Structures are given as C-alpha cells and as structure tokens.
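In what follows, a single structure is set out as structure tokens and then discussed.
Order as written gives the chain letters A, B, C and D; numbering starts at 1 within each chain.
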C-alpha cells in the first residue's frame, strides 16, 4: 500500500538483469558504448523517427531543462501549466539552465491547459517589443500532474497554436508510457505527428533505476544538446549502465507492459473509491495516479495499517475531526498489486 | 589491455550485488532512503568528521561544480592547475554553476601546483579593487591529472596560503582513494586536517557504476548545496541505488582494496616500462596512471593485439616513422590484471 | 500635450546647469568624485539614515535589478505585482541579474497588492522543501504602475508580513518623489521606518537626464552591490555627471517641487476628465499618471491636434466607430503646463 | 598634469552644448529620438557601412560585453590578450553577460597578440570534443592597454586566422579614435575591411560625458543585441542625451581632432622622456598613453607639484630610496596641454 509516488517503487527485475549483464568487461565511456547504439535504433524505430537524436540522462528534471534550454533563449518565455513539474518541483532548474527564461503560467482543469488558453497567453506576450520578454516555447506534461492525459488531438491543437506563432513544443513525458497506453495511440502519433519537437521520455517512474531519454525529433539541436548535457554534469562516464536500463525497458514492450500494469492498478483503485459513498475523486483517473478525498478517520485507519501516500495539498494532519474530508494523491506503479489496492480500499471505508 | 581510463572498467561485483539487494520493495526517494543514513555515518566515521554534511551525486563534474558553486561567488576566482579537470574536461561547467567565476590557471610539474605558485597568483588578484574579479576558492586535484599525488603536508602548505587569505579549499578527489593509499595517511589527514573544506570523493573511477560523494566538512553550506543539487537536476528520486553503491564501496575497505589493486597495476606497468631501454616515463607514477613514451612501432604492435589507450596529447597517429616516440596515458583500475600489464609490456618492446 | 511618459519630458534647466558646472577640469572617476560625497551626505540627511550606502546608476531597470540581485538567491522568489515594471517592462532583467530567481505575481487593484495577498503567496511557497524555489524578497512599486500610491501604513503592513517571514523588502521608487508628495510623509516614513530595506530612488522620470540612486538602508550589502554594479557595466567612469544631476535634484527641494508640479498637472487633468460626462477614470489619480477612457472621436480630435500618449492597453486603433470607448494612459511631468492640460481636456470632449 | 586616465578629463564644450540643445521640448524615449537617426547615418557614412546596426550605450564595459555576448555561446571561448580590459578591468562582466564563456589568455608585447599566437591557441582548443569548451570569438583591443596600436594589416592577419576557423572578431575600441589617427587609415580599413565583425566604438575616453557606440557590421545580430541591451539595463529612456553627445562627436571631425590632440600630447611627453637620461619608456608610444620609468625622487617632485597618475603596476610607494626606478602610466586626453606636458617633464628630471 505504498502510493507516495511511482518513484518509490523498485526497479523491474529484467532491468536489473540487463545492468548486471552490461557489467562484462571494459566499455568505452560517455555514450559511445555499443548498447547505446542499440537504444538509439530502438527509439528511432518505436517513434518512427529515423533521424531523431536520442540522449540519456538520469533524472526527469534534467531531461526537461536540457530540452527547454536547447530551444529557449534567456529572454524568452516558457508557456506551461501552473501545476507543472517544471514550475512546481524543479527548484528553478528551468530558469537556471535557460539563463533566466520566464515561465508563463497557464490554468486549466486536471493540470492541463487548452489550445485557447495558450493562444491567449501567447498573444498577451508582446511581439517585437524590446521591454518585454519574448515568446519562447510551449511545454505540456503528459500524463499531467493531476493524472490526466492529453489525447493526440489535444496535443495537435496546442501545437497548431504554437506553430502558428513559430514556437517549439516540448513534452514532459515523465509518465509518457502511462499516457500512451491510456490514449491507445502510437508514440509517433502522440509526439512528432502531433507537433512535438522534443520529448522527455521517462523511464525512472516506470520501472527503471534512473534513466530518461531525450528525443529530439529535429536533430539540428543535437550538438548543442550534447554540450549542454556535459556542461550540466549530466554526461555519464559509465554510460553503459544507463544504456542497459533503457534497452531492457524497450525490449519486448516491457515499458508498455509496466505502464499498463500501473494504469490498471489506478483504474481499480479509482473504481473502488467511486464505489465508496463517503469517498470521491478530485480528478478523473486516466493514467496511474488517483486523486481522491475521504474522511479523516479513513486516513487514520489506512495509515495505521502501514500505507504511505501524500496528502494533496501536503499540509493536512491526521489530527482533527473524524468526519472532515482530506484529499490524497495515490500513485500506482508497475509493482502495485491488486491486493495492495483492495486492502487499501477496505481500510479507507468508514 | 584496456587502459583508456579507469571509467572504462566494470563495476565491482560486490557493488552490483548491493544494488540488486537495494531493490527490495518500496523506498522513500530523494536521499531519505535508510541506506543513505548508513552511508552518511560511514563517511563521517571514515573521515573522523562527525558533523560533516554528505551528499551523493552521479558524476565527478557534478561533485566538483556543486562544491565550488557553494563556495564561490560569480565575481570571484577559482585557483586551479592549468591541466585540471575543471579547466580542461568539464565544458565550462564550473563557470555555468558558479554563474561565471573565473578560473585562474596555475602551472607546475605533474599537474600539481605549489603553495608558492598559489601565493603569487592570489597576490596578483587585487584585493578590494572593484574593477577586478575577487579572490575566491582554491581547487586541488588529488591524485592529479598526471597521476601524481599531493602528500598531506603539501595539501597543508597550500591550505595555509589559502587560509591566510581567507579562501576555502576544494579537493577534486575523483581518484581520492588512489591518492590516499599511495600517501599512506588517513582520510582525515588528507582532507580537513590538512585544511580542505569540501571534498569531491570519487567512486565511479574506482569500481562504482556512477556515484561520487561530496563531503562538506563544515556543514554550514549544506542547505545551499542541497538546493544547488536539486536545481542542477542532480537529486535522484530512486536515490537508494546510489546509496547502495556507496555503502558497498565503504564496507570492509572495498574502496581501499580496489585502489590498491589499481595502484599496484600502475606500479608494475611503470616499473616494466622503466626497464625497457626504448621507453621512458613522462611523469613519476604515484597512483594508478602511467604516462610514458616509446617508439611508434611498439604502439602499432600493442594496438594490433587489441590494446586500447589514449595518445597524450591526443593528436598522434600510428602512421609515420617506426622509431618516432609517441606518448601515451595508461590508466589502471581495480580490474587491471598482472597478465594485462605483462602482455602489454611484452608488446611495446622493440 | 505630450503625455506618453514622464521620461519624454526635458531635463530641468537647473540640472543641466549643474552638469555644465561639473565639467570644470579633471575629476577622479568611478564614483570617487567629490560631488558624490555631497550627494551621499544629502541622501543620508534627507532619509535620516546616516549609515545608508548610496549608489548612482543611470536607468531604473538597473536600480531595480542590482537591488534585487543583492538580496535574492538564484533559487528564490521575488513577490511582486503582476503589472509591475520588473515583471512587464524589463525584458527579464531581474532573472538575468539574480541568476534565475522566480517572480511570483500578485494581483490587486490599481497595480497594488495587499499585505493579505502577500501573506497568502508567501505561505503557498513551501518552506524548506528542496523541490520548490525558496522564499526570497518582496518588491513594491510606489507610485504604482497604475498611478496609485502606497501610504506609509500600507508599506508597513506589507513589510510586517515580509519581516514575519524574514524576507527583505525592495521599493521600486522610479516615481518615489510623486508618491512621497502625494502621501505627505517624510522619506524615512515612506521607507526604512516602514520596513523598506533597499530603495530604487528615481530621478530620470522626474527631471533628470538619466540618474537613479540606490539606497541600501543596511550597508552590509554595499560591497556586493558595488561588485554587481561594475560587473553589470553600470559603473560610470565620468561619474561626476551623474553626481551633479543628483546633487541639483536634491538641492533646495527641486525634486519635491518637480514632483508636486507633475502631480498637480495630473490632478487637474483627472478632475477635468471627471467633469466630462463621456469620459471616466480607470484608476484613482494619486500621483502623476491618469488612466481614463473616452470615445474614439475624442482621441481622434486630440491626436489630430498633436497630442501624444499611449492607448492602455496598447493595441487600440483610431479606426473604428466614433463612440467606442478607448482607454489611455496620460503621464504628467514637471514640465506639463496647465495650458497643456486644459487644451487636452477641451479636445477630448465630444 | 593630470594623467591618471583619459576618463578623468572633462567633456568637450561642443558636446555639452549639444546636450543642452537636445533638451528642447519632448522626445520619444529608448532610442527612437530623431537625433539617433542622424547618428546612425553618420556612423554608417563614416564607416562606409550602409547596413551596419548602430547602438549607443554608456560605458565601455557594456559595449564590450553586449557585443561579445551576441557572438559567443556560454560554452565557448573568447581569445584575448592577458592584459586586456575584458580580462583585467571588468570584474567578470564578459562571463556574466555570456553566461559563463571562458577567456583564453594570449600573451604578446605591448598588450598585443599576434596572428600566430592566436592560431596556436585556437588549435589547442579541441574541435568538436564535448568535454572541452568550444572555440568562440576573438577580441582585440585597439589601441591596446599598453598604448600600442594594431595596424590594419595586423588586424587583417588576426582576422584571417579567426575566419579560417569560422570565428567572429570583436574590436574593443575604447580608444579607437586614438588608434585610427595613429594608423592613418580609414575607419573601414581598420574594421570591417580588416575582418572585424563588431566594434566597441569609444567616446567616453575621448571627450564625451559617457557614450560608446556598438557597430554591428553584420546586422543579423541586431535584434538580439537590442534585447540584451534592454535586459542588461542599458537601454536609456532619455536616450536623446546620448544621441546628442555622439552626434556632436562625429560632426566636423571633432572625434578625430580630439584624438589627434591627445596623441600629440603623448608624443610630446614620450619624446621628452626619451630625452631625459634617467628616464626610459616601457612601451613604444603610439597612441595617447605613455608608459615610462624614472627615479623615485622625480616621482616625488612631480607629485608634490600636484600631478596625478598611476604607478604601473599599482603597488609602488613614494617611500624608499631616491634612486630606485618606478614605472608609471601617463594617459593624455584631448584636454592635455603642451604646458602640462612640459611642466611635468621639467619636474621628473633629476
């Protein structure tokens, strides 16, 4: 009953086995290991993008900010949701890596913004007015911080607005696999076919030890990206261990299988909560996270039984009236079991 | 016969085993995993520094630049050797992380600088003169980029100069273990007892997959360091895998054993080269790297047999007169065998 | 009838005379000219702040961003109004100078925010949570971008909130003189007695050629400020010409006299507009700027007669129905005459 | 006898008159004043560069660093002399504005470097090696910090090396007029015809109050430059006063007349020193600065008579043996008189 985050779950055994396998003998460092050649080919194949530049880094923040910095000048904007990871959870890393770009915060339900909202924000940023920051890039998070997904046609609508203003589009796909299997489309349809220029392709939250790929669908920025990665301290000497994780992830659809498993757990949890009269959802459950509210007494019961998760917002307390409703974020991962879910559901009922 | 770098060698099996062991169940992310508590205690114990702040990152560049940025203002200097890693091999990461500090380059044999050289450089930086950059920090590399070591008394002499000017001292210890076993002193004697304020304590080049510790002997900078680490994208969610590596490294002296093994191989290689009339050393061999020169024909022979290493400087060619001398850097690691060394020696003789 | 901005007005003749006077002979550069000693004494005297550090720069943006950078770390926030100059009109200079701090935008009528709004925003920024940017400084603009003023007790209420969280307070006083004479208090009451730590003390918009003072009521940051000023390219070699302007400004109350004159013109303009049935104010007129709305036909008439001012928001057109209401910003300066005002009023009536 | 720096001299009366003239009535701010149109035309005409983008800033540091930042990426180098202003006298402003570029220091007599020295330095910077900073721009100072000049053919030789490596060339022309009249060539021959891409065209040291132009011979960087200028706080609202200074400077050859006058004074001073047996020159005198050495007793005499200048290096003392030789930098300006020079010469003789 561990729902704090998908990053608290263990690594899939097949991934660990691949790491152990990669430990044989000597290997050239800094991304020229032979496994990386295979990873590059896998990703190009999976994304139907034979020219894409592909790089590995170890954290999601890194994938996001190196991507953005490669596309945004210091005096430009990044249009993103007010609840996005780059705004809320990266301690200003986007500002650091871009040299001071300004995040323009967009609102919208379920941590998603609409094409219309984006259009209004872009048009509010004066064009060619030297006193103002200039229009930069658009960043969307899929799946969103509230567990919702953008369907390919929603991504396309947003990209159309961006392209009409000649702005690049970044997708923070820390939970890309969860979004993808929920949407039921191809990786290409969710990304470059829908106008995405650069993707943070998450692995860590979905069963890896710590690897994210960055996929630059237009390889023109490749060399700049490599320099920014090195300069940021993110180029690994013993890169083969990153390559090996990503290779295992992409082999035989393991990444999709793990995402399906996590989404399945979330759906089960969500349906169970819906069935409890005293509990209710705060956001629709579309990927692997459930946001729900139920009385404090249920929180006490489930925590006493050893469950871990975050109140959402954080600043709630188990102390207080039994019948007060408190909200929670419950994130499932590849390793969440039906038994975990059912036990949890049983304990929050009152 | 793989001598390109110690970062090309595999991870020690005990380290991998620890990683696999750490994969059990769920764990809190971002450095609050229980293994990290043990690592912190181990390092404080080993360094006889009960108050030290200890953090893990994944690359040596990161350890260096987060350390320096925590001690240097953007308008200050970093005094370092002209051949140091922070100057030559980090693509300007120190400038990036410090917000533009200026590296003042010091010369000296074997990639080491003396206390006298440092003193002259500091005194050349005007004090309190607003037009000039201001005196910042001192960074020494131990073992040096040329495979030499600073003995504790040399570190102390340098620190004395720094302290006389109220400047902090950083040690780039990417090969700290190799320097330590060569010097035959304690970790404390090599660092805080000799005036070092912050240490990049390397693991990656000495048998880990990719972990370096930063040891802040004065914990006053701890919170700032944590913010800089996060903002740089270097705070790992699944931190337990870093902790596990470092724990195994420090358990039962594995780190020292591996360093001794690497140094032993380098000594054997160095002695063998000295015994070859047509070959000569370019730097004394004190840690795990050998710098030597021998005729091109020997390079051809050993490369034909599959050996890998870098010319030093890089821009040499196997094409040319047989008897021209070409220099090479040969780095040994924990996994270098006597057989590797002896076979290599046999092949470079002419 | 030139109301585009107070920065379009000429320099007061007494100021130019002082500049000409300062041109006699040789003078030491970079702020050690003897006139600067007098300026420093004048400002300390006027602000009843004998220990204040005082510096001159040439633009308002510079005064703001050097002040903020001296008080805010790159990973911190700056709480400011969403319409503030630092957010809207400085092309990201605060982000550049602070190394990437994040502006947290507060709302409120008349481009002012309340102590309550600030308190809520501060408390929404997590304290000691490494994933989030950290609480930094508060910046208030007096007079505000909408021509309103903060009374000393309003400044105090805001500062109390800031101080309760241990945050420094900056005042953007590009139109400080206008605010001061409107409030009818002393400079000390408006600033340090009300909790302001650092003031951008404007001169350019109020009759100087181009000089702003920065007043650091706590001189602890003085040396850092000097280094930041130099490093930003803002330390003038022929500094005496800046000193001379500021000296004339402060002599015999010229600065207050000019501000009163500007405020008087704005009041006359505002009252005249109020008296026109078809015109109305968008903000109360408290300093030297008037925000008003009237039918397009009146805009056409007054522009045909040579008046200059900005639509507010900018993107309005003289083409369109006669009776559509269009808004304007009308800024008065020391040189605005009653005749200008009355002629303007006559022309916008329909 | 005031030889501390040309920036200690007064402003030329014609310049001040132009400023006073410009004070008539209202003017549009931020560089769209009509005088600026004339200045742009004047500079394009003088430099035979009809497409050049021209901007005004107020300090030499600003002109240099905005120019460099527009041409250099954060991970690139700037090749410059070790004694150059950007290295020694700008408190790290180049690093700040470029986001951390690395200055590569070249040596050479008289604060000049040769094409050969540059070539060697460029080739030492690895090409396409991700661990190293990358080749960026070349910056030459004319006249140099030691009062020497680069003839057009020397500039061309350096530019040829730069162009062969596809690198842009910046000229720090804080004393461009002094160099130009010494070289006896046209502005075009000294700059774009010799391969210079961007020029810091100094005015402040040559009779202005505080104005430098930046001339971008290739206007492609114009908009980026404008944004960087604004973001740096260097866009003046009351820009007309800068325009007026530069207009007067360029009208009827005033700038050349002032430079000739300064150079004449330096020549007279230099010849006088050469004629004194106990005095000697440290650098050839080619522009408006004289570097010379003579016994301490002569320093005492001339200082007692009220002369001001800097010891070079700075850290000398009037206390000590009479006959010890001390060096000095003596900078002449447009306002230095023959009488000043002759009186000085009479007093340093012993």
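Heads up, the rule we're going with is that contacts are C-beta pairs under 8 Å (C-beta built on N, C-alpha and C of every residue); 3 or more make two chains touch, one makes a residue touch a chain.
Bear in mind that the values here come from a model prediction, so they are computed numbers and not experimental data.
Engineer: Can you name the chains that touch chain B as well as chain C?
Structural biologist: A chain counts here if it touches both chain B and chain C, which gives A, D.
Engineer: Tell me which chain's centre, taken as the mean of its C-alpha atoms, is farthest from chain B.
Structural biologist: Farthest from chain B by mean C-alpha position: C.
Engineer: Could you compare the number of C-beta pairs in contact for A-D with that for A-B and name the larger?
Structural biologist: Pair with more contacting C-beta pairs, A-D versus A-B: A-B.
Engineer: Mind checking the centre-to-centre distance between chain A and chain C? Centres are C-alpha means, answer in whole Å.
Structural biologist: It comes to 42 Å between the two C-alpha centres.
Engineer: Report the inter-centroid distance (CA atoms only) between chain A and chain B in whole Å.
Structural biologist: From the centre of chain A to the centre of chain B is 34 Å.
Engineer: Taking each chain's centre as the mean position of its Cα atoms, how many Å separate chain A from chain D?
Structural biologist: Here the centre of chain D sits 52 Å away from the centre of chain A.
Engineer: Two or more other chains in contact with one residue: find those residues in chain B.
Structural biologist: Within chain B, residues 74-75, 90-92, 96, 99, 130-131, 134, 227, 230-231, 235 contact more than one other chain.
Engineer: Quick check on the complex: what are the chain C residues that touch chain D?
Structural biologist: 2, 4-5, 7-11, 13, 16, 19-20, 23-29, 57-62, 65-66, 90-93, 96-97, 204-205, 209-210, 227, 230-238, 241, 308
Engineer: Touching residues of chain D toward chain A in the complex: what are they?
Structural biologist: Residue positions touching the partner: 30, 74-75, 99, 130-131, 134, 226-228, 230-231, 235.
Engineer: Given the complex with chain D, which residues does chain B contribute to the contact?
Structural biologist: Listed in rising order, the residues of chain B that touch chain D are 74-75, 88-92, 95-96, 98-103, 126, 130-134, 314.
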